[in-house]
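Notes follow the structure.
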């Protein structure tokens, strides 16, 4: 397929490379052109308009603001050569996704929301889990692209914003696991037991899953740099989950604790380290 | 080995049966004699004293009160034929375990704390994870018994109470996982997405671990009866974790939320259902 | 003085009437003209532009959106006859207040932020507490207006947004008092003691202050209608406090609990009742 | 009246002195005899038994453990010359008060629970608020003593433990007020506004009550020593409130936050300072 790819951060570059490896023609664009050149086998184009065309265009940007700037303020939907399908893969708010669904409807461009689970290494090996929502026809068209980037595509209905709600729910569950491990480590240390020993036992038995093993190891080793995903971005996602919960009148007490503790971490200089550094809050609060 | 086994609830019966299957001589005692007879191949004895003797004696009772009643008030440590090693496998408070360690020292009976992770089905298949703490010599003596009951024994030092702290930490992490899934289900339903679909995706990918699969399935199906472990007992364990955390000045905000929500569940009649019913609280609070 | 007054809700009407009583010439405007006619002795004008002129113009609108619509999108600052001083008395976000301070600076119109504490009855009797921030000269000019509307003006520096931060802090403390009384009432009822008796004792002794007496009485009587201030607006203010706290990396665990419980109340149909109805959440959660 | 007074801490001494001033014969006893001599006009006696006699005996001890040690383990209820009425004024658990009511019934000694609100200075001036529960006849007998020690006696029914529940509810509300002020101070400082200025405004207007003025002043001045009531004792009372709430299945999310933050404060060395030092937690968590 002929695909445009907008947004070449660590995740975007790895995903675009998978599309190239999958035999697709990939036109890439990024606000800083260096990044564009960094994707071997892809064709850097000079403007977002040139990338927003073809059989499909994928956007993988940092947040609501970045997507708004490029897509809405950039007027891409009014462009001459618009893509058959726009696949929004960024982690954005449910509210913006809903708004975009309406805007695309008016513009006559099919819109599919398809945020992903997986860190850069998973993206590089095409091992992402893709959470997709949108019209069946549109998703069918871009399925070959999903197959090149992920191990499995999970469908969540026709309204694009539902995929974003699911992405936020998953990230909330990841941060909750980090907080629980942080409290367990502080509790153990408080009783003279190495927190790493306790987490090693738990993450190899009852909690032997990727999230617990991955973040558990970082907490056990106190290894929070370089960040795979910064704590500041973790706070952004928890905030988006709280906002979406509020829109549906769903109290989320765990998410509220996470928000407070992430702020505590940022106030203590952890904002740019990996969000597993949330675990340092429980330790500090217990006087360690 | 010649082993006495005191406390034949659903877990105790299954564990005693594994010892019999392992070729050990097992003298069993329970406050209600019917339970004692229920362990095929084991030898029911008429008093706790008769069971508290031999190469080792295992206690597997409901809580601090039950263990105090049988062991301390029952005066077992003053008995004539005391065991070489007493293995306390009940989930009790860190404070009581510490007190028992001292009492056994004065009585000249080796004491090992060895609570377990695993539900009745795991106990029946000898697939428990055993968390042990105590003197090396004493643990070496009873290792054959652990091997008959569990897949692995995890050591946590010489002070028995440390094993109990680790058990409480693990249970806290399990209840935290249930709460996180409950909030995710309520959040999803609030956005018109079946909570079961979201949990199915998460527990088969990032969270593909026994705890999430087991409790996730119960939440997805709303199947909280019969209880494998009652919500009321879940509250007891969270309370013990909070008390132990308090003794070490460790704030545990997630545990505090769990305590409040478990009380909410009990106030709404969920106390005797499986503790996965904690998930009903997030649903009810969001008006569902 | 010659004053324009924009926004004639229950608070605005009462405040404008005080200005009239204070001998000022008051030109009033409201999106629904009926409200404008409702202020005896004031002069209804046909447009926001006509009101946004004179010695000073006061805006008293519902929220950020309403103020943005009228002032910014309405282009009032580009008008021909702009006021010497614009006094923003609405409860708005710290972020918007900061933005408006900059916008007014460029437009060459003095801007003073002056939100108030007090419900409609206090406004009617000129008993408001006014929290003001802005340049000394500008505040000095409008002091006669503050004197007509309030018992005291509290100064909080030169940056207008600081007054809005103080207003949000005060509202957070009010909602916290309501929550604490709600938990006390549920706790008392749980022990067979009429919550009203306990609140009566506390609000007449240690907590004998306007906020506790006022909301305590509503909780004791379960009198949440008609609303003096709706629970939905209470949630808005707690959200603004949380957002402002986040901007300064200040964790506010009480505010997080308030947010969750206000959502619980809204999910149970209390959104349009007085925000003292927050107290119904603690009762319901305890099974009452 | 002929009164025995047991427990001469800072509160007890002041209360006994008021009884002397009220013309009553007061026999005082304390575990450390120096304290007993410190009450001018009172008659030190050599044993708790001698004090536990006469028309009435008052106990004012630190906690459950101290009262159990003196009264239950000390076997006072089996003594020869027992008092007509035992007035328990200590802040103890609802559970112990309930147990004592039963024990006194069997012993044939009237028992009245009458904890107080007010700090040592209030006790010295007879300005305490007394919360009493017990049989009407018994309370009528000791009313003259209450009149000598307090400004008002608040009745809460016939079961003594109800007075203890009310005392715990009141203390919970006090600590909640301290936490709310602490969060407001941190929030204000985060926005470049002196927290003291904001608290000064709020505690002189909407929150102009003894509790807010008293603790607000301590927070504004950062004056936490000498302690009127230590933070460690504050944690004890919050724990008793949480336990009593749990017994009645009443979730108290504010109390849970208080518990966590008091532990944070203790972990940072604030345990022996005044419990208003709870306010330092919000400041520290925000990086100040």
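Brief remarks follow.
We just call them A, B, C and D in the order they show up, numbering each chain from 1.
One rule holds for everything that comes next: a contact is a pair of C-beta atoms (placed from the backbone, for glycine too) under 8 Å apart; a residue touches a chain by one contact, two chains touch by 3 or more.
All values reported here derive from a predicted model rather than from experimental measurement.
Under the touch definition stated at the top, chain A and chain B share these contacting partners: C, D.
Across the two interfaces under comparison, A-C and A-D, the one joined by more C-beta contacts turns out to be A-C. Relative to chain D, the chain whose mean Cα position lies farthest away is A. Chain A and chain C have Cα centroids separated by 38 Å.
Chain D has its Cα centroid 53 Å from the Cα centroid of chain A. For chain B, the set of residues that touch two or more other chains comprises 245, 249-253, 257, 260-261, 263-264, 267, 285-287. Chain contacts in this assembly form a complete graph, since each chain touches every other chain. The residues of chain D lying in touch with chain A in their complex are 253, 263-264, 267-268, 285-287. Put simply, chain A touches chain C in their complex at residues 235, 239, 242, 245-246, 249-253, 256-257, 259-261, 263-264, 266-267. Note for the complex: chain B touches chain A at residues 94, 117, 129, 131, 152, 154, 156-157, 159, 161-162, 165-166, 169-170, 172-174, 176-177, 179-181, 183-184, 186-188, 190-193, 197-198, 201-202, 205-212, 241, 244-245, 248-255, 257, 260-261, 282, 285-287.
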